[in-house]
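Chain IDs A, B, C and D follow the sequence of writing; residue 1 opens each chain.
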Amino acid sequence: MSSAKHHARRADAHRAPATPASLAASYAAVRQQTELLAAPLSPEDCALQSMPDASPVKWHLAHVSWFFETFVLAPHVAGYRPFDPAFRVLFNSYYNGVGDRHPRPERGLLSRPDLMTVLAYRRHVDAAMQRLLERPLHAQAAALVELGLHHEQQHQELLLTDVKHLFSRNPTRPVYHPRWPLATVAPRPHAWHRYEGGLVTLGHEGTDFAFDNEGPPHRVYVAPFELASAPVTHGEFAAFIADGGYRRPDLWLAQGWDLASSRSWEAPLYWERADAQWCTFTLHGIADIDPHTPVCHVSLYEADAYARWAGARLPTEFEWELAARAAPVAGNFLETGALHPLPRAGDSRAAGPGQLFGDVWEWTRSDYAPYPGYRPATGAVGEYNGKFMSNQYVLRGGSCVTPASHIRATYRNFFPADARWQFSGVRLARDQAA
Amino acid sequence: MSSAKHHARRADAHRAPATPASLAASYAAVRQQTELLAAPLSPEDCALQSMPDASPVKWHLAHVSWFFETFVLAPHVAGYRPFDPAFRVLFNSYYNGVGDRHPRPERGLLSRPDLMTVLAYRRHVDAAMQRLLERPLHAQAAALVELGLHHEQQHQELLLTDVKHLFSRNPTRPVYHPRWPLATVAPRPHAWHRYEGGLVTLGHEGTDFAFDNEGPPHRVYVAPFELASAPVTHGEFAAFIADGGYRRPDLWLAQGWDLASSRSWEAPLYWERADAQWCTFTLHGIADIDPHTPVCHVSLYEADAYARWAGARLPTEFEWELAARAAPVAGNFLETGALHPLPRAGDSRAAGPGQLFGDVWEWTRSDYAPYPGYRPATGAVGEYNGKFMSNQYVLRGGSCVTPASHIRATYRNFFPADARWQFSGVRLARDQAA
Amino acid sequence: MSSAKHHARRADAHRAPATPASLAASYAAVRQQTELLAAPLSPEDCALQSMPDASPVKWHLAHVSWFFETFVLAPHVAGYRPFDPAFRVLFNSYYNGVGDRHPRPERGLLSRPDLMTVLAYRRHVDAAMQRLLERPLHAQAAALVELGLHHEQQHQELLLTDVKHLFSRNPTRPVYHPRWPLATVAPRPHAWHRYEGGLVTLGHEGTDFAFDNEGPPHRVYVAPFELASAPVTHGEFAAFIADGGYRRPDLWLAQGWDLASSRSWEAPLYWERADAQWCTFTLHGIADIDPHTPVCHVSLYEADAYARWAGARLPTEFEWELAARAAPVAGNFLETGALHPLPRAGDSRAAGPGQLFGDVWEWTRSDYAPYPGYRPATGAVGEYNGKFMSNQYVLRGGSCVTPASHIRATYRNFFPADARWQFSGVRLARDQAA
Amino acid sequence: MSSAKHHARRADAHRAPATPASLAASYAAVRQQTELLAAPLSPEDCALQSMPDASPVKWHLAHVSWFFETFVLAPHVAGYRPFDPAFRVLFNSYYNGVGDRHPRPERGLLSRPDLMTVLAYRRHVDAAMQRLLERPLHAQAAALVELGLHHEQQHQELLLTDVKHLFSRNPTRPVYHPRWPLATVAPRPHAWHRYEGGLVTLGHEGTDFAFDNEGPPHRVYVAPFELASAPVTHGEFAAFIADGGYRRPDLWLAQGWDLASSRSWEAPLYWERADAQWCTFTLHGIADIDPHTPVCHVSLYEADAYARWAGARLPTEFEWELAARAAPVAGNFLETGALHPLPRAGDSRAAGPGQLFGDVWEWTRSDYAPYPGYRPATGAVGEYNGKFMSNQYVLRGGSCVTPASHIRATYRNFFPADARWQFSGVRLARDQAA
């Protein structure tokens, strides 16, 4: 989804719309979840922007409400009065079709509206939405409400990754949540899972919700391949570092090497060395790395270099999806409260690869491109996904800060190759031995 | 004082130190004034940083307390316990002698400590200071307390100019103080005042407080000159603009022209055009310019170009001081509450030039250099002034946001030639007609 | 090939190596061609670098010789003495495996060695190579010679595009070659050609020369599609501009829009407006655009925006290759001397699309990625292609400055999406109407 | 003179103009000197620009001719035909009054006109000038010719410093002139010379040539001071480095410290360490530093830090001039051919300080400001000096690449505080001990 978050309900949805009652319940649940995530934060925590890619929490709280106001309330509720007309520009992320927008890198210059006002804005929108959802709803409006809820879930994840980045820049090391979730587990053997591939149909089909970029379903030829049983761990990645992984240009894509050199990268984002030990900054404060948890906060370049060092490669998004569509959508998501990748539970030599969902987003080597036959939705909401399809790479599977109900096997997240502030990790693949 | 604020009590002060009682009273008054200035602001207003030159209000509130803690309490109070040891680095502005410091451009990344904590820090320091000031004080300590109070007054001014800049970047146009102070007055004739100059002794002498950069007193030869009766007004500056002042390279210093071109300057900072009328952003919100008030928020380059257009020049700091030392230190200072330059009261053909003090800082064409025989104080506090003596220009006279008790004829403020966010204006001078 | 030019003979080449005699003839022909291209240029023309992406002609002349010296002569000729040991670093483009290299952006800082010395360097290498090629050659050495010749052909193209860019920055408008090749032709109707696609095997196979990135052959599923009969012309692109194409964000990828805005793009590179007419800078000087010639010097972003405006899209590299492998490798190449795209000759409603080869490189929407099973060559020469496989897009078909013997249907050129100084143009595709 | 070179004949020159015969002789001599300096250089050497501050030699050769063409021939020779009308823009340095100009940082993008053409341009201008100088000349024209000659001498110096910088960026270490001039001498004791100062008149007066910025003569009060007997040497500066001079912020101006840190300065420009020994790049190639020669290629910041370390300070330009006007204008200038500072000859305890003229320009702590009563010349030639009077510092005395006839005690050179590519050195001063 990039630092930009986007979607657009598929235009050809033929399924029955959600009933108002179930939509109202979903609406209440998602909106409450967002505010629970912001609850531990002070007004100052919510106002700051630590880099152009990140946004203030206050901005997230307002923007997701702006989405409902702009795309649902304004067009579908006669006589709706916006909370503040200035917000139309102030909280527009990137929709040229809606008009002007406040520049992204200046989101941290807005001390006003303050947090209290933004919370009042949410109340205003919630009240109007609840009234709307009491009665039967036009199918198009219902689809936009559903889209808005998935949109808000995307921002729940970003809210946490952006706060983590902000806190990491503060020498006093603020703690978002004091409870530390990790339990030590025994190391587990690594294994490869074999797939025959062939001419398969991939991409979302059916009437459940999906973003427009997940379809249409289309045929792809996938050569035989193997996929690792688990994501690369902190311990494995530390071995790569110890072996000079950040000092050997032969392991890196040329752009990655230049970037890592110019930015003096020597480890994933948030890692720091204390004495002889690697630590990392988490939403629970500084902690030693746990060697058995999936490594996170690596760029595509680091993921790719690691894979080359390990004699493997990154999977394509098609290989990943082929493997994942047979797996249950279960794992360490936002709801566990861990807010950090966890060691793998259960038997790694089970039927298929583990931890495909949750824990860490898995970089694929597929660029974020339109599927054959892809058409964006019409209108401003069509700017959700398609216009970002250049120079980004697809990540799959969700992370420990993704809401569980938000993810599925066809879900395509996307970020530039140098992005590291998301919970992004590494799953290895390799060509099948003859 | 630059965005960096500095001083250092003159080493040769032979005068009687202030009594503890009067120091305690001054201390209470200055500290209260600072908090009154922050009172209209929300936690978010106090946390943001709108550009590297400016600092968050919260930082100002903490840094001035840090000054007392570091230079007075720690060395002079046995067993003093710092409020939080991390603050020694966090709120160090630029004193290498004190140790590490948090990078200036990252002051806006600190959501913690929050405003409440910073106010508690002030209480902690105040309590210790009040205990200290109850008893007779070592002369050196008393001098440092006095220095700390003048230091805090400098930051009172910066607090307001920095908030003004922050608010100006917000499309919702926040208002710091709703009361609008301006009254219309009749235009008044301009006049020149004549000075014979000669070999004079300038710079601070005596036992009253002054910063180290104001001395030592030294002899300077000043050729005969004339000084304008009042600062250049908004109306006069608008005429310069209307005459193409920003489009004629022959009026500008070469660096100024390049800068104005690359930054697309077409008027002073905060000016904007609404219909056919110039408006400006003030601490009371957007307002039409009043043609009879002194122009402010101009760089040295704009001041110099204006002077050339007007067939005059900027004064040297010596010419200015020679004229000002005969004038009463009175004018539109912080205490009037106007927070904006005001039209001149009284008769402009009076004994001497008007508005030398208050309203706007007046650019001189003198670079900020050490006076002959200048010696900075020893220790970290010696970093207050001297190390900034390159590529800056001297401004004189204080402004509408300078505390009245802070200014005097020998006071040397200094900023780079491109600085515009202070209340900086223009006083014309010319060589005396033969 | 990016501003970086690269290859590496395929490791599994089983075909009979070229005989020394034919290799010697090829060597002489390619080397002479390079020098003919430099012949109209002065020492100064050959020394300057107009941007970091471009290299001085002198550098091209030397680097291609360095390639033979480093990869052929040094390892395969006993007792070979390098012309100047310093050249090993000075003319290394990007081979970390060879050791240090002079920084690319500083190639224009080298007045020494001068042009005469570089030409002497070429003589030195040629003499040694001719001796080597007089006798039977080890297969691996022969493969490297062949690679070196294809490498030099890539630099022939770059030499011309880099000189064109340099000359375009000179207000005196130097002319590389005064002869103007264009003849007016009648406009021709546009048509679509239909392809059924299916599960096909693409990529290079066989024993003829190809770069490693063209293989291995692999199966791809291609959905039915249509391809335009000719590249988009200057006239068609001018209509896009006239219709506001550069002012409508809805037509652009988001990154393209931001880039076009920040760089103030209003037309392809080298276009300028004279009175009401578009002109363009060519290797023959300034000329009016000819509406019937293929447009060139557009970025991927402009190509993509044009396609969206036209209700079409860019082809994938697989669609392009599927169409092109049925077409003869013939067209307007370097050898015609036109050095500019020409109008289409013949009947546009012929069996297949025209101008697939020559005239302009055609942007595809395929990112430059490894084919399944891709393995770079071992050793430094393995850095030729693979390490550039991120954030670049594939172009196909060669241009008017590509040597005819250098191109084939499987050839993959690649550049970042914002590159415009190559002869890059647009071929439209669309999904097949149901 | 800054990287910008400037003058403008003083408007009030009452002296007899030079006779045409003597002017013609001067003209021939200066013009020939310039070409002799360029003689060892190749066309490529003359075409490159190594940084925006420096210009290509070819540009210097053309620009000084442009000066005569623009300010002498065009206005004073009826029917004069410019060599090439495009040169009016191409070789205009910074005279807005003459019209457009080619951007300074792009001077290195011009391969055309080539060196041969520029030399032909010089022939064309020389022929016209020689015809002009055969007959009696209008006083104003004669003054402009004289100005043009001094202007060309300034560019002779820049030509050498710019070539030195260019060659220093080339790993092959080109040598401008192979002869090495240095002789070892015995170290000599350092001494201070005492000056009483007082109210003195400084600045140029009389009818000899001087630039407008050297006048008018004006009264200045100078306090008693002492001046070092010789410039700081390479050996003394090496001791400063060895004592941690580049690692102690307390020795530096704040801007200098930040700059030195961000640019990783550890020694003067061109110094490099080979084994345990400091070497420096010279116009004769790399050489060990000679401890007894004046240090050069230091910025004002380094000069100032050295002075603080040595317990002294830099002189003001008035102190320097007061001392220098009693000294003969003699020393190691361009004509010695040394092209590098030399050890001091003779007795250092002689009547006054040595090496005030030649060897190295001496930084003063005076900013480059107008003298009281300064008026630039009218017309474009008035842009020569005055518009550069901000954020630059005055250097005095000329260097080993300054023509001997070009310098005098009142001469004011000026550069920004961070400039290092001129032959700039350090003369210490101190307040007179009571």
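Brief remarks follow.
Here, contacts are C-beta pairs under 8 Å (C-beta built on N, C-alpha and C of every residue); 3 or more make two chains touch, one makes a residue touch a chain.
Just so we're clear, the structure is a prediction, and the values are computed from it rather than from any experiment.
Looking at the partners of chain B and chain D together, they share no chain.
With centres defined by CA atoms alone, the chain at the far end from chain B is C. For this pair, chain A with chain D, the centres built from the Cα atoms lie 60 Å apart.
Between chain A and chain C, the centres computed from C-alpha atoms are 38 Å apart.
Each chain gets a centre from the mean of its Cα atoms; for chain C and chain D, those two points are 47 Å apart. Annotation for chain A: no residues touch two or more other chains.
Counting only pairs that meet the touch rule, the chains in contact are A-B, A-C, B-D, C-D. Those residues of chain D that touch chain C in the complex are listed here as 42-48, 50, 58, 86, 89-90, 102, 106, 108-115, 166-167, 169-172, 174. If you check the complex, the residues on chain B that touch chain D are 4, 94, 96-97, 199, 218-221, 223, 249-250, 252-257, 300-301, 304, 365-367, 369-370, 372-373, 383, 387-391, 417, 431.
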